[in-house]
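The two complexes that follow have chain A in common; it is paired with chain B in the first and with chain C in the second.
Moving on to the complex of A and B:
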């Protein structure tokens, strides 16, 4: 499964502005992790881990399309993929609009893979 | 030598199977597939001509047979009928904690190399606190002497692994896996995570699994980086590294675990920078 997800997110995670891409389950468990700049991601990972459950709670219960958080020079974009999964992208906001468009395209391609058990 | 579990995709994640004469804990809430995992483990044993013992506090032989038939595992039913697999049910109200009768029953029937399942261990220890750690350690030692065991532990619906009846078996076991089902029927709704595997490599991460009639539990274990022994050996030959790290890398190259050349090169880089 991780290989199939990897093939779908490869383009966006290889973007030079992206420092990490993590897919979280609704209970806060990270189910897929792709990190390009470990040291930078680690600093923000603790923040994300402590906040992710309440953020996901907002997304799923308030039907939010996306949440973005800016911490120092990093932007964290959280986009729901299915009823239980959210993709979070940590990136340097230098080509923000292009990246957001690309992220939405990736979400659409991940959805059929991740929405069904079989 | 490893004891294959028979759970498709799982052995790859724990370095080829369980180590012999170990106690292996499977933690999960109701409905995650702990009993199916246990029966699949016994089924694999039957196919290898091994004997098995299934101890339950909830299910009797008839209920185990019904479940086996529903999964299409008729060999398991047959093995119960010809006593290749022994099924015993202890009634919860009769359980004196860590009952010596259970240990005697296992010892009498195991010949030291049986596949043993205790499904679930929770009724035996649910009333205990942390002071009982030594007694559970003793119980596990007796199981180790009798074969390779799978012990299931019920995760309370409070989602807490820190309760003593959950955490003590995890601490004292040789391996522990955590099965979870959040019940949405999506790809990652059922997942399995390896908490530990003593004296063995194990995969990190969260792996989705399915339960299918006939096949039982199937874990999606498509590890990204496969082991490339030739690569490491070529690297060892070509690189001017000192004999200490060379010996350790040579040990690593003989293990059938997924590690890529890129990781080895990175380790060498860190080692060299530390010793510059």
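Moving on to the complex of A and C:
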């Protein structure tokens, strides 16, 4: 399963502006992690982990399509994949409309794969 | 007509080319024409890509760069799309003579075709040396313009400057191209390229992998249909009515008096366009900063502010994008002589539904055709990930094959008059707005 997810998210995670990609379960547990810049991800992971449950609650209860948060020079984009999974992308905001569109396509391809999982 | 859509989107350039190579090897027919769409994100690798494609394609090709494309697999902001056809077509490219005459020559050859598509750089961003020459020319004319004691003198200078930018083909007025090619009596689509991200010597358009530079390339095609739409409310029956419609629909900023001639604006409310933009929007860019941004590929030719003009011929309207630049005189991609000198400065407002850009109604339900939709790429900046609703809409509505290509807002010249009351009809049967327009190009199988 992890390998199949990895091949689907490759289009985003290989983008030079992306420093990390994490798929979270609704309870805040990370179920898939792909890191391109370890130091930078670690710096922001503490913030993300401390906030993730309340952010996920907000996404699912308010039925939001996406949330983006800017922390220093990093942007974190959170997009629900299924009713229990959210993809978070940590990236440097360069031509971010491109990344947002690519993310949407990847979500569409992940959905059928993960709909009945976790 | 046979056709095949090939695309690849890997971030690794070698894997991307290998993937394309495998797909090209599997072709079950020999095409005679290929349209190659490369995303702007791959511009830095374009020499490598073009070499590969030239080595692997033995048929006629037209190549240009876009901001993104969509296929049945999704919308891609990075990758290469190749449309391969066995078509009844011809390709014409203007020569070095005066552009009007060169286009007239092509017009006489188009009559045997059903439709034509003109692909050309509406604004050409040249190399640093040519840019500097352009700035000097601007200063020279601006110096003389300011010393003019009356409007007639100013108009004469603007006309001369307009003739110069058009002779140099730094700006190719879209309505002029459509006006001339429209004499052929067939419908003509205008792919007037202005890149979202500007580099030197762009927009890059290639015919058989050779850059056409500052020329207009025209593809004449048989067994094809072309349709246009815009997303705006219908135009009014008078200048005042259209003005009121624009005022209600857009975020309204200012009602202004404009001095213009040819495709150049001299002043807005007595100020140069540069001064006006600086005062109203607090935006300004100097020559050095402008050149540096173009060299680094960081300059964006997209702006949310526009100056709307109402046509004296149709009461339709078009919008001139107000972009901060070091130029004092403001050349643009429209021949402004057909418009009133009263203008409205607007802030861009789009429709709530991005799918409106591709909703061509019943035309979409014909399954026997292969459809290419050219959609205004500013949707990508305005709607961002919501643009994906265009993909969802097309996937649900279209039965046959389709692709969507995100480019600068396209224009069109219809072969006959229409009952539609598009606000973007700026000359009889000629349409262009500056945002919110789409073309549907159908190839019959």
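Note that the second predicted complex is superposed on the first by the 116 of 118 C-alpha atoms of A that agree within 3 Å, B and C clash if a C-alpha of one lies under 4 Å from a C-alpha of the other, contacts with A are read in each partner's own complex, and residues count from 1 in each chain.
The criterion applied here is as follows: contacts are C-beta pairs under 8 Å (C-beta built on N, C-alpha and C of every residue); 3 or more make two chains touch, one makes a residue touch a chain.
Note that the structure is predicted; figures quoted are calculated from it, not measured.
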Check: Looking at the combined model built on chain A, do chain B and chain C fit side by side or clash?
Finding: fit
Next item on the list: May I ask you to decide whether A:103 touches chain B, chain C, both, or neither, giving the answer as first, second, both or neither?
Entry: second
Check: When the shared chain A is used to line up the two structures, what angle, as a multiple of 10 degrees, is there at the CA centre of chain A toward chain B and chain C?
Finding: 150
Notebook entry, point to check: Thinking of the overlay built on chain A, is A:92 touched by chain B (first), by chain C (second), by both, or by neither?
Noted result: neither
Next item on the list: Answer with first, second, both or neither: which of chain B and chain C does A:11 touch in the superposed model?
Entry: second
Margin query: Under the stated touch criterion, which partner chain does A:29 make contact with: chain B (first), chain C (second), both, or neither?
Written below: first
Next item on the list: If you've got the overlay open, could you tell me the nearest Cα approach between chain B and chain C in whole angstrom?
Entry: 19
Checklist line | Intersection of the chain A residues that touch chain B with those that touch chain C | finding: none
Next item on the list: Flag every residue of chain B that touches chain A in the complex, lowest number first.
Entry: 159, 180, 182, 184-191, 205-208, 210, 220, 222, 224
Notebook entry, point to check: For chain A, which residues count as touching chain B in their complex?
Noted result: 1-4, 6, 25-27, 29-31, 82-85, 113-118
Checklist line | chain A - residues contacting chain C, complex | finding: 10-11, 14-15, 65-66, 79, 95-105, 108-109
Margin query: Touching residues of chain C toward chain A in the complex: what are they?
Written below: 9-12, 41, 68, 74-78, 197, 380-381, 384-388
